[in-house]
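Labels run A, B, C, D and E following the written order; every chain starts at residue 1.
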Amino acid sequence: MIKFEKVTKIYSGNRTAAVNDIDLEVAEGEICVLIGSSGCGKTTLMRMVNRLIPITSGAIHIDGQNIMGMDVIELRRSIGYVIQQIGLFPHMTVSDNIATVPKLLKWDKRRIQARVDELLSLVQLEPAVFRHRYPRELSGGQAQRIGVARAMATDPPVMLMDEPFGAIDPINREVLQDEFLGIQEKIRKTIVFVTHDIHEAIKMGNKIALLDAGRMVQFGTPEALLTTPANQFVKDFVGADRALKRLDLLKVQDAMMKNPVHCHDSDQAEAIFRLMQEKGLNYLLVCDAQDQLLGYVNLRDIVDYSGSVGGRIKPMTLTVHPNSNLKEALSKMLSYDIGIVVAVDKDNKLVGILNTMTLAAVVGQTYDEQGGRWGKITAGGKIL
Amino acid sequence: MIKFEKVTKIYSGNRTAAVNDIDLEVAEGEICVLIGSSGCGKTTLMRMVNRLIPITSGAIHIDGQNIMGMDVIELRRSIGYVIQQIGLFPHMTVSDNIATVPKLLKWDKRRIQARVDELLSLVQLEPAVFRHRYPRELSGGQAQRIGVARAMATDPPVMLMDEPFGAIDPINREVLQDEFLGIQEKIRKTIVFVTHDIHEAIKMGNKIALLDAGRMVQFGTPEALLTTPANQFVKDFVGADRALKRLDLLKVQDAMMKNPVHCHDSDQAEAIFRLMQEKGLNYLLVCDAQDQLLGYVNLRDIVDYSGSVGGRIKPMTLTVHPNSNLKEALSKMLSYDIGIVVAVDKDNKLVGILNTMTLAAVVGQTYDEQGGRWGKITAGGKIL
Amino acid sequence: MEIWQFFMQNWHQTLVLAWQHAWVVSISVIIAMATGVPIGIWITFNDEAAETILYIAGIIMTIPSIALFGIMIPILSIFGHGIGTLPAVVALVLYSQLPIIRNTYAAIKSVDPNIIDAGIGMGMTRRQVLGKVQLPMALSVIFAGLRVAVVMSIGIGAIAAYIGAGGLGRFIFSGINQTYGTMIKSGAIAVSLMAIAVDILFGCIENRLVSKGLRS
Amino acid sequence: MEIWQFFMQNWHQTLVLAWQHAWVVSISVIIAMATGVPIGIWITFNDEAAETILYIAGIIMTIPSIALFGIMIPILSIFGHGIGTLPAVVALVLYSQLPIIRNTYAAIKSVDPNIIDAGIGMGMTRRQVLGKVQLPMALSVIFAGLRVAVVMSIGIGAIAAYIGAGGLGRFIFSGINQTYGTMIKSGAIAVSLMAIAVDILFGCIENRLVSKGLRS
Amino acid sequence: GAAEKKLVIGSKNFTEQQILGEIMIQLLDSRGFKCEDKTGLGGTLVARKALENGQIDMYMEYTGTALVTILKENVITDPKACYDFVKKADLERNGLVWLPYMAFNNTYCLLMRREDAAQKKIKTLSDLSAFVKANPAKIRFGTNDEFYARPDGYKPLQKKYDFQFPEDKIVKMAPGLLYKALQDADLEVAMGFATDGRIKGMDLVILEDDLNYFPVYNPAPVTKKEIAAKYPELEKIFSELSAKLDTQTMTNLNYAVDGEHKPVKEVVAGFLKAAGLVK
């Protein structure tokens, strides 16, 4: 647990505080994401934790112990620090960079080598290719990943990560985030994580702290930040599309309507036709006897058709997995103009259905005390 | 215009090419965004343009002239280069850093100072505070912005920007992007722009080039990348939510249904009630005589009410500007469970209405040759 | 105390010798800087020349001053300056080259290549990269070389006495020949004081020239 | 040619003197490195000591060798080594301090603070930051100082002859006294050759020690 | 008016030479010359080269030094014969004119501490030879390189007196330091110069050259042919000086500077006055 108590930092020569009276508690085993505008004091706040810069006033405690009372070397060794400027040692190979702390701790050679290779693979770099490179022979994103690997080398219980994935492409970033979260699930480290990417903040953070000009503006779960932003600044920061961003947090299974209306391929077309007409439906999903999705039927197609609906099924490709996030579902929904998306499990069993209303029902608020239809939009509609 | 012809780069000591047989044409006055996984050769490709690294084979032409035939100093002076590693001169103040090239060109002092202040303001840094700082006294994002300002100092006709906004928070980044696009609208520079942020790529790029392992995978408009990704790699790269991303490209006015159904506050409640019942509407928008949006009426509220509907109006806050992008509109739409959002112009005049169907109509494809309703979703609906 | 007395008794001569010493050394140092630093810079462009130049500077440094004078007298006599200030200055300039050239070379070579890259990328000429980036960043190490050279020059400036250029070396050599400890010490102390004074001066210049942005 | 003849005729003495010279210089250089580098490192931690130490090293460098011997003979005579190798070594060690200390100091001070920061942030002790970060990165500039000191030592190693420690200085001083040009030149050439040889040796060591990652 | 009679006077850089240089300056100044002071040059090599190349007009060289180290001839032990030979040879070979030589002989000598010599009962070089033969390990000998290597130096001396210091007991060092080393008992025997003031000052004794081995070293002003021709009066001026500078006088002058630390100028002025050479 890292606890900041009224922490203030004023750089000599500056008139304003870089970090101003911050109270913050990062719970044991949690990831606390720091976000905020450029220059708001995120790096400064971090660097006070491992005593790279002195605190002007206030105190920081780790696991209840004031950091000023701890042995500074041990303090820093117990903290993995990913530097914003990357800061690889230019005179050391990639392998030596990663092995820096293990070597300080006098791990034996084989263990070090194994760990280096493991970490290189973790950050998606081929050990055989990169082990003996020097930093100047790396691309920006590769160097950044080596920086992350170096900080993780000894699996320190606390990590300070200053924009660790900032220079990495989306695919690799997602892989790294997932790997990292995977590790975090097993070894619960206490992590302070800076990012400028709200999606990353939402994905990685158990808590998010939003700073502005050295002060804490809001501290809470990603959910809280998106749903109840404390003020206009927070709203601006998370973006006008914050409702959409909340979809990142949610899974299809949280929002979908379970057991949606459908028929079976063995049902008689006439009966289904009548039913659809009665309910005013133009389409209906069709499953087999095991409830596996087969497709859908179009009202038109079964007019004057006798036999089972199975003969008139059209394939349904707009499906999502109940575990996917709602963003993806929404995107699929918008990819075609039908306004729904169907959730099937890994056995292709129909498990739910989503439309925009159901999405809004999860992330949105009720606008009027009573639901109702706005009706079909009349393009170029005249005044009534 | 920058033209790459079969450009290949193999770093000495490497077995594989960092840039492999790239053909690319960045049109005059356009921004070409380079994206691709970390280490795919973006920086390498850029640095060949201003001859910071030699080309192994192939040729690069600027405005039809082979760069190898140009005076290298003039070539570089005509190109603003934002370095991925920022690379500020540590021994110079912020102001001197920005003024480097103007000083080389012997601009007079007053002009330099005015330009420095202008650029500092442009990158959202208070000149009075930052002018005399040294790079080590800046935060990561501040330093990066100085790097951008420095490259823009003499308004070079060509710019190479290597992740110029990577370390900047979303608010400032958006401001910078907009300022930059504003400038670009006036002074049409030819720009190569690297980013890892697909949103940024979509927003900034006239064209996007996606590289993988040194090779060009797809080159086209952002639209094309999102709608017709060349292969699975491109799909993965732009993300599963690429339909949503397309919303970034579109404005409300491109998608909204114009002249939606509505009534006027002076209309008689009985007539409107009848009309709504007839059309099966629960809600209806209400405008005044000048077509300014006043709010909406709920069917329930005008039952047994006589008089003009003006007396029963509820306020309508879910409005967007026709110029906002669709992402924002969708987000608003999802914020409440009513499934529509109303577009009003700056005079609060009702100009259109959006729902998910209209959105899908713009970004999505028609799933079935004939539209129709999937009907109300029945939660826990039984098999019919 | 004796030393104080010595100075009191010989204040006039002390001043004259100190002045001669300072004069010879200042000229030498200025010339040595004006040659050594550019040479050091130049050889950063030319690795082959670098070796040769550094070896030559090394060889020069190993030539005993008397031998050097023996070589120079016939040559400089052609211009009527076989003895006196000129050969002393030439000798000091030659001896100062190695520390100045080598430090300038090493300093410029060890500037962070990323920063140089930034300069080149902005369209600086080689000369501009040097003047605006490499030199300012290498300054403190170049100054280390200069300060060694200056102190060394003041020290071996005593040899000016060998060749009739006077200087505080006169006290020292006379003192040695006379086994006159006080005189030796007085000469040595005067030289040391001068060395410290000039070193402090150079420290101040260094402080003014080295950018605040480079200090940690 | 004469010189070649001289060497042929005096090969035995040449070898003996060269050996003495090399011996005195090697010991001196090793001791000078073993003292100067640590002192240079130490004063990076202590800015006040830095000034003092550097001034002292400067003063020492300005003391003429003969005067230095004059001071040392009575002191070292106490241990029965008033003359011979010991005072020669002491003198060379003392003279080498300034270039070594100053370069070590300047080199370490000019290492990029961001990189040092990375080391400190990882929990390195001061000593480890020094050994693993600062020294390796400062190495080429430190070597510049060492190489100046070594060449200088070989050059002024000739003074060992003054104090009965032999060395190639004997050729030079005898030659000077006898106005025997060939002998002077032979001595000077032998010294220069030794200086170049040792400088090349140090160049190789430097090449091996300085990380490939730092070369541009 | 008459053209100024300008002369540049040099000297080597040890005390006796400084005194001789100053004597020439003061003497010539009093006889209507205008002298420029370039005394204190760093040794025979520098002074001689400076003279040959016209950088100085005159300095005092020792006959023995010129004979042996410059002209590379064999030793002559008679002062007059030596002088005559050098004068003739230097004029013929190098165009240099030797003016009248001074009476004193600053030859080499071997020195010991007074009480040590008394204790070891050594008075002459023959005594030393005997002692060394008897106790080779008990005696250390200091010399400068020049004496050690000179054709009229240490090696022939050994031959003449038939003795040999063990090679490891021979210490070669700078002459300025020899006296100090001898005084500090780092040495038992050291070479020296007969007129050196420190012999008196440090209470040392000269071992008598009972076999007349050492060559003669009478100093004489040396100048270029052209100067000697231009100023014929020089001959007379220095012949006046010649007789006044005997070994005892020179030793005393040296002692006044080396031992009593009086300024050279003052010592010389006193001498010239006392000798009646200037008023």
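Keep this in mind: a residue touches a chain if its C-beta (ideal position, glycine included) is under 8 Å from a C-beta of that chain, and two chains touch if they have at least 3 such contacts.
Bear in mind the structure is a predicted one, so any value in this text is a computation, not a measurement.
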| item | value |
| --- | --- |
| Most distant chain from chain A, judged by the mean position of its C-alpha atoms | E |
| Chain separated most widely from chain B, comparing mean CA positions | E |
| Interchain centroid distance [CA atoms averaged], chain B/chain C, Å | 61 |
| Distance from the mean Cα position of chain E to that of chain D, given in whole angstrom | 37 |
| Whole-Å separation of chain centres (CA-atom averages), chain A against chain E | 97 |
| For chain E, residues that touch 2 or more chains besides their own | 43, 45, 174, 176-177, 180 |
| Where chain B touches two or more other chains at once, by residue number | 85, 136 |
| Per-residue overlap in chain C, given as positions that touch at least 2 other chains | 66, 70, 113, 173, 176, 179, 214 |
| In the complex, chain C residues that touch chain D | 54-55, 58-59, 61-64, 66-67, 70, 98-99, 102-103, 105-107, 109-110, 112-113, 116, 140-141, 143-145, 147-148, 151-152, 154-155, 158, 169, 172-173, 175-176, 179, 181, 184-185, 187-188, 191-192, 194-196, 199, 214, 216 |
| In the complex with chain C, residue positions of chain B that touch it | 47, 50, 52, 73-79, 81, 83, 85, 87-93, 100-101, 104, 134-136, 150-151 |
| Chain E contact footprint on chain C (complex, rising order) | 10, 65-66, 69-70, 73-74, 77, 80-84, 159, 161-164, 170, 173-174, 176-180, 182-183 |
| Chain A contact footprint on chain B (complex, rising order) | 11, 13, 35-40, 42-44, 84-85, 137-142, 144-145, 162-163, 166-173, 196-198, 236-237, 239-245, 247, 257-264, 267, 272, 275, 279-283, 298-300, 314, 318, 324, 327-328, 330-340, 353, 355-361, 363-368, 370-375, 377-384 |
| Footprint of chain D on chain E - complex, ascending | 43-45, 48, 69-70, 142, 144-146, 148-150, 171-174, 176-177, 180-181, 184-186 |
